[in-house]
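Across the two complexes that follow, chain A remains constant while its partner is chain B and subsequently chain C.
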Partner chain A sequence: MSQTTVGKARASKPPSPWKPAKQPRKANNPNAVPSLNGRWGYMFIAPFFVMFLIFGLAPIIYSIYIAFFNWDALGTQEFIGLANFSELFIDTRFWNALINTLDIWLLSTIPMLIMSIGLAAVLHNPALRGSTFFRTILLVPNITSVLAIAIVFGQLFGRDFGMVNIIIGALGFEHIDFVQGTTSSHVAIASMIVWRWTGYNALIFLAAMLAIPNELYESASLDGAGKFKQFIYVTLPSLRNTITFVLIVGTIGGLQVFAEPLILGGSFNGGDSGQFSTLTLFLFEQAFVAYKWGYAASIGIMITVIVAIVSVINFYITRKIAGDGR
Partner chain B sequence: MSKKLMSLKAAALLASATLTMGVLGFISPAAAVVDCTKATANTNDCTVLTVNTFGDVIQPALVADYRKLRPDIKLSIKKSDLDALNGTGLFTQCAAGGAGNPDIAAVEISYSGFWRSYPQCFVDLRNLRNKDNKSANDIKKDYLPWRWEHGVGYNDSVIGIPTDVGGLEVAYRWDLFKKVGLPYKRDEVSKAWSTWPKFIEFGKKYVAKLTAAQKKANVGFIDNVGTIYPAVMNQGTEKYYRNNGTDQGQLIYKTNKQVKLAFDTTVAASNAKIGTRIGQFSSDWNVGMTKGTFAAMLAPAWMTSYIKGQSPTTKGKWDIASAPGGGGNMGGSQLTIPKGSKNQQEAWNFISWYLAPAQQLKVFEIYGLFPSTPSLYTNKAITVEKDPFFNNAPVGQIYATGVKKLKPIFEGKLQRCIDMAMGSAISLVANGKEKVPAKAFATGMAAAGKCK
Partner chain C sequence: MSQAEVLEQTRLKPTRRRKPRWQRMGVGGYIALGIVTFLSLFPFYWMFIVASNGTDEISKIPPTLVPGPRFFTVVSNVYEALPQFNQALLNTVYVGTVVALAQVFFSAIAGFAFAKLNFRGQKFMVLFVILTMMLPSQLGIIPLFILMGNLGLIDSLGALIIPALVTAFGVFWMRQVIDAQVPNELLEAASIDGAGVFRAYWSIVVPIISQSAFVLGLFSFLATWNDFLWPLLVLNTPENFTAQVAVNQLKSSYAIDYALNMGGAFLSTAPLLILFIFVGRRLVRGVMDGAVKG
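After this line comes the complex of A and B, so read on.
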């Protein structure tokens, strides 16, 4: 009995679970499974897209719209065309904020990248004991509230009684007024970003390193490459895509740095002479201190454009740095 | 063991109490004694009043008092550390048509000029009546006239009731003054710096006596010269705007001599190098207060409690003298009922109780915030009180004399923006980035011109 069934089934080509046979979609076909690629699929992805439309796309479109107006958000809207943008291009505060932001971004990204790849390489070492513990610890700065970080770092960098300056003083140098100086304040802010993101990125790099096939290292060592050369010629090129990813995500975040300078200066102007005013801080100041929402919206659009430009540049530079791949 | 028993007992008591309350509530809701501060209370009998505030505008001791007075009210208080964040919340909620607004919102004084232009964001307090049948019009006479104006919209509607007043005097370290051989008794000091130029001279004398080591450690006379600018501005009769009855006010900052005077005075103080250039409320400032990094600071009344809390070890070493140029104001808030409040009646009951003279007196006694109700200025608690922390200075008397001198100053729509522009201009000189004060002033004026 059972034999005949098997034989029968064999004769009529068994349906493979991996390659579902094309079945005509008929309402009366009892075997018809609703395809996930069909209408049902849209329903499953709908929650994200509905949320994105309401909280993502709609505000973006609205902010593009109000960028053409002079508006304080409560009074009447006055259409002024592109005047916000033309004013923005000659606004020294905008260029100052842009330069500050890029400077802080460079000061934070490069050390962070080097340190996180280094940390990942250390964690990648199989001889390291308790690696799970260290991997967990690396995430702690990242889950700490950015406000708490900014407050603590603000105290560390205090001019008279900050710990950093106490050390500088003990070494026999003059105290540095971190907040008042331009470069020094950027260093202070960058150090907060580095502290917060190095561990997180190290884990991403570690994951990428674990995915590199061992054979590559074996054949490299057969060719006489030492640990360092293996790192340069095997590990780094394999991390190319990850570096691009980390850089692009870092660019999006780094060009929107906000809480750190806000807490460091305690106000929206980014230091007495705007020495560490950033693009987002400038945007916020224009919206909530000057009540120029149209102008603030135009700054927001410019931030988007700048992030896009920098990301594209990043993309090509990392391709070059990490080798052409093939 | 006994602890466990106790808590069991307490739980049983609580449960039976809740049960009784529930039953009573069912029979006659009016007679029920509910305690809405307890999680077990029957929430149907409770009115939840949401309050958005910042800093120490709403004081816990008085909230406890109100709970006893009105156990059926549950005060849900949200506190921002920065008045700015509190302000932006109110702003976006009004832009959204009042959605999500709290029942009560505290508004810092520097925002009052802006909100004055948009009274439609608030409930007109003239139209509400508390349990004594009093509206804002009926209690107006209780408050300092110039302080009351901060809560009045351009269309004469009353949008906020004043909390404390930040009357401005100078707190100084008499022990440090004495050490360098300067006058240190409060009457002598007040006389010695009766005007701002004299104040700067006084500071120069102090700085000249500092040792090289002290100078290297950035020790100075006053904490931050930037505080002089708003102080001088508030001593005038007009700031950046003149009241012309419109929602915005008329801009007069370009011609108002008070602006130039305040700018020049601050720049003079900066050039005299009497300040330590520490940012107020920074960690250096907090520590410096104890270590004597600065010997004087402009101190609104609320600052006295801050000093006490921040540097308890300096008790008795501080004293208070009159501010140069006579009085001034820094800080203070209004309590408002934003549009969209769901419990306007109860909100008004609370505000009119909380800011009544009796409660303001209690706030002064516990927290040192100075009342905005002049009837208290002759009260013994204020006239007689001597503060041992401030070398037994008659703190209340000194502040009362100062705030009574002030006249109403019109606060205009974009005042914060202009203030910020001028502050940056002063910093240009203070940081040595601009040597010519007149050029910095022009820069400030140009930046202020963008506030529109």
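After this line comes the complex of A and C, so read on.
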């Protein structure tokens, strides 16, 4: 976290003798400019907070409220306590969606992480020519709409005339019906996510690699470490915080995946037998097809809880794995 | 290493000169990058191939891999299926621009206050902003839908604009940018010269952060352009569609017409690709400046 280190560096500067420190009684912000009137701060943040409270926070709180109701679009509003949640726990569609979501998340996150670190290592090489071009290309998938890309991937993964199946057929294997199968549909969805995020994350890792002091590499190379050993013993341990960051951001996004399966299947069902229904897709199906708003709200709360749990687990695992490398 | 040096290193300057020769670039690296370049661009090429050949040409083995003659036929089919397609593109540009400008403005002033001003409750509020960034965005979607209905905004572009005017991410991002790029000494000097908070913000902070603010605006614009589900939920009449909803509309016919779909996808993506040619390098720099390092 570069910001915190900067803050520490500033705070540890010796106080200058000719400029008496004019600290206010309570330093709410140690990095603040003391001579600027802090009261104006409220005015500067007010527009953000007012709009955020109305359109961001209030709906979330209201959503928690209606999760305890039997509440539908037609006007039924009946307090039922935790009944939505107990119904959810025995709802096989919920568990199916949860397993699908975790499967798609694993299938996309692990390849994406490995490939993006590898790509960043290639781009980090100072002898690379055309690095600006390659960096820019890496961002192209990220800026295009999920809809357009899902249409293309849906065709490429088509059963009869999709490019992927034509290649599989040319290699002498049976065509795979990607959309109908469970694992195969997850692979198709994960490939869209990997395609979209690998380049973006490679740039994040590259920025982190460029911040590693060259001296570390020089001394490693003097000690006889080859490129591979330098990567294992210098690069990877230095990326610890970045890997944690990418994993957590990827988890928050990945556990809410819905656009790719929605477009692949063309409905909120997530395939004919729900084989690629995800948690968020299930939420939308309950909210905007079945119009069970109370039930849908309880799904939203469960998604939040699951995201929090998986993020915390991720955090500790990456700390454990990468933390010993220093 | 100071923040300035770190930022300097991540700039898109040729890194060769400053680095020693102890690392060599192998052919394998170029092959890997070549494959990635191909895979990154292929879907766009394929969109055009399918749209210019028609569905029949694609539905055979081996498929056509070169552009065909039917592109304008397919384009006119798109306009026939949805005469409001141009209107949809204009709507998207309009919504995207308004949202981008608003997000930059509100995020920059709030980010400035969080980075450089000292007021009570600040720590708590910063923590609050960071925590809200972690909440799944779908959590409040049903009440937001009800709220939009109560405000009479369903089936209007206002339903897309108003909830998107501020984001916690934008505020957090601008706070990081201002903290890293604006030296306290400059602001102190300005206030010694008699500048108030507004003056200091306008004549010191704004010029320094304009590049980063532009990048934030671009990302907001792109996110708005590509947003799909919310516009689909709140928009009903074709005159109010955004590009994504319009493309989705082409999809809903019972038999999938790949050429028509890909034609629509191509028309809705081409403006972004053209924009990207001009701003791609700035976006790359923005992504890398915002990265967590070390």
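Here is the rule we use: the second predicted complex is superposed on the first by the 286 of 326 C-alpha atoms of A that agree within 3 Å, B and C clash if a C-alpha of one lies under 4 Å from a C-alpha of the other, contacts with A are read in each partner's own complex, and residues count from 1 in each chain.
Definition applied: a residue touches a chain if its C-beta (ideal position, glycine included) is under 8 Å from a C-beta of that chain, and two chains touch if they have at least 3 such contacts.
Computed from a predicted model, the values in this text were never measured in an experiment.
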Note to self: After the overlay on chain A, what do you see for chain B versus chain C, clash or fit?
What the structure shows: clash
Notebook entry, point to check: Who does A:Phe288 touch here: chain B (first), chain C (second), both, or neither?
Noted result: both
Item checked: Comparison of chain B and chain C by chain A residues contacted -> C
Check: Now for A:Phe161: first (chain B), second (chain C), both, or neither, which partner does it touch?
Finding: both
Margin query: Just checking: does A:Gly41 make contact with chain B only, chain C only, both, or neither of them? Give me first, second, both or neither.
Written below: second
Notebook entry, point to check: In the superposed arrangement, does A:Ile66 touch chain B (first), chain C (second), both or neither?
Noted result: second
Next item on the list: Once the structures are superposed on A, label A:Ala188 by its partner contacts, choosing first (chain B), second (chain C), both or neither.
Entry: neither
Check: Just chain B (first), just chain C (second), both, or neither: which does A:Leu128 touch?
Finding: second
Next item on the list: Using the superposition on chain A described above, determine whether A:Met112 touches chain B (first), chain C (second), both, or neither.
Entry: neither
Item checked: Touched partner set for A:Ala259, first chain B, second chain C, both or neither -> second
Check: Where along chain C is the clash with chain B: 149-157, 167-175, 203-211 or 275-283?
Finding: 149-157
Note to self: From the superposed pair, tell me which chain A residues show up as contacts to chain B and also as contacts to chain C.
What the structure shows: 155, 160-161, 266, 288
Margin query: Under the definition above, what is the set of chain A residues touching chain C in their complex?
Written below: 1-3, 6, 9, 24, 26-29, 31-42, 44-45, 47-49, 51-52, 55-60, 62-63, 66, 118-119, 122-123, 125-129, 131-132, 134-141, 143-149, 151-153, 155-156, 160-161, 163, 166, 169, 195, 198-200, 203-208, 210-214, 217-218, 221, 227, 238-239, 241-242, 245, 252, 255-256, 258-259, 262-263, 266, 280, 283-284, 287-288, 293, 296-297, 300-301, 303-304, 307-308, 311
Next item on the list: Write out the stretch or stretches of chain C touching chain A in their complex.
Entry: 1-3, 6, 9-10, 12, 14-16, 18-25, 29, 32-33, 36-37, 39-41, 43-44, 46-47, 50, 58-63, 106-107, 109-110, 112-123, 125, 132, 134-145, 147, 162-163, 165-166, 168, 171, 176, 179-180, 184, 187-188, 191-192, 196-198, 200-201, 222, 225-226, 228-229, 233, 244, 247-248, 251-252, 258, 261-262, 265-266, 268-269, 272-273, 276, 280-281, 283-284, 287-289, 291-294
Margin query: Considering only the defined contacts, which chain A positions touch chain B in the complex?
Written below: 73-75, 154-155, 158-162, 175, 177, 179-180, 265-269, 272-274, 285, 288-291
Note to self: Can you tell me which positions in chain B touch chain A when the two form their complex?
What the structure shows: 84, 87-88, 91-92, 94-95, 114, 117-118, 121, 217-218, 226, 277-279, 281-284, 287-288, 291, 293, 414, 416-417, 420, 423-424, 427-428, 430-431, 433, 450-451
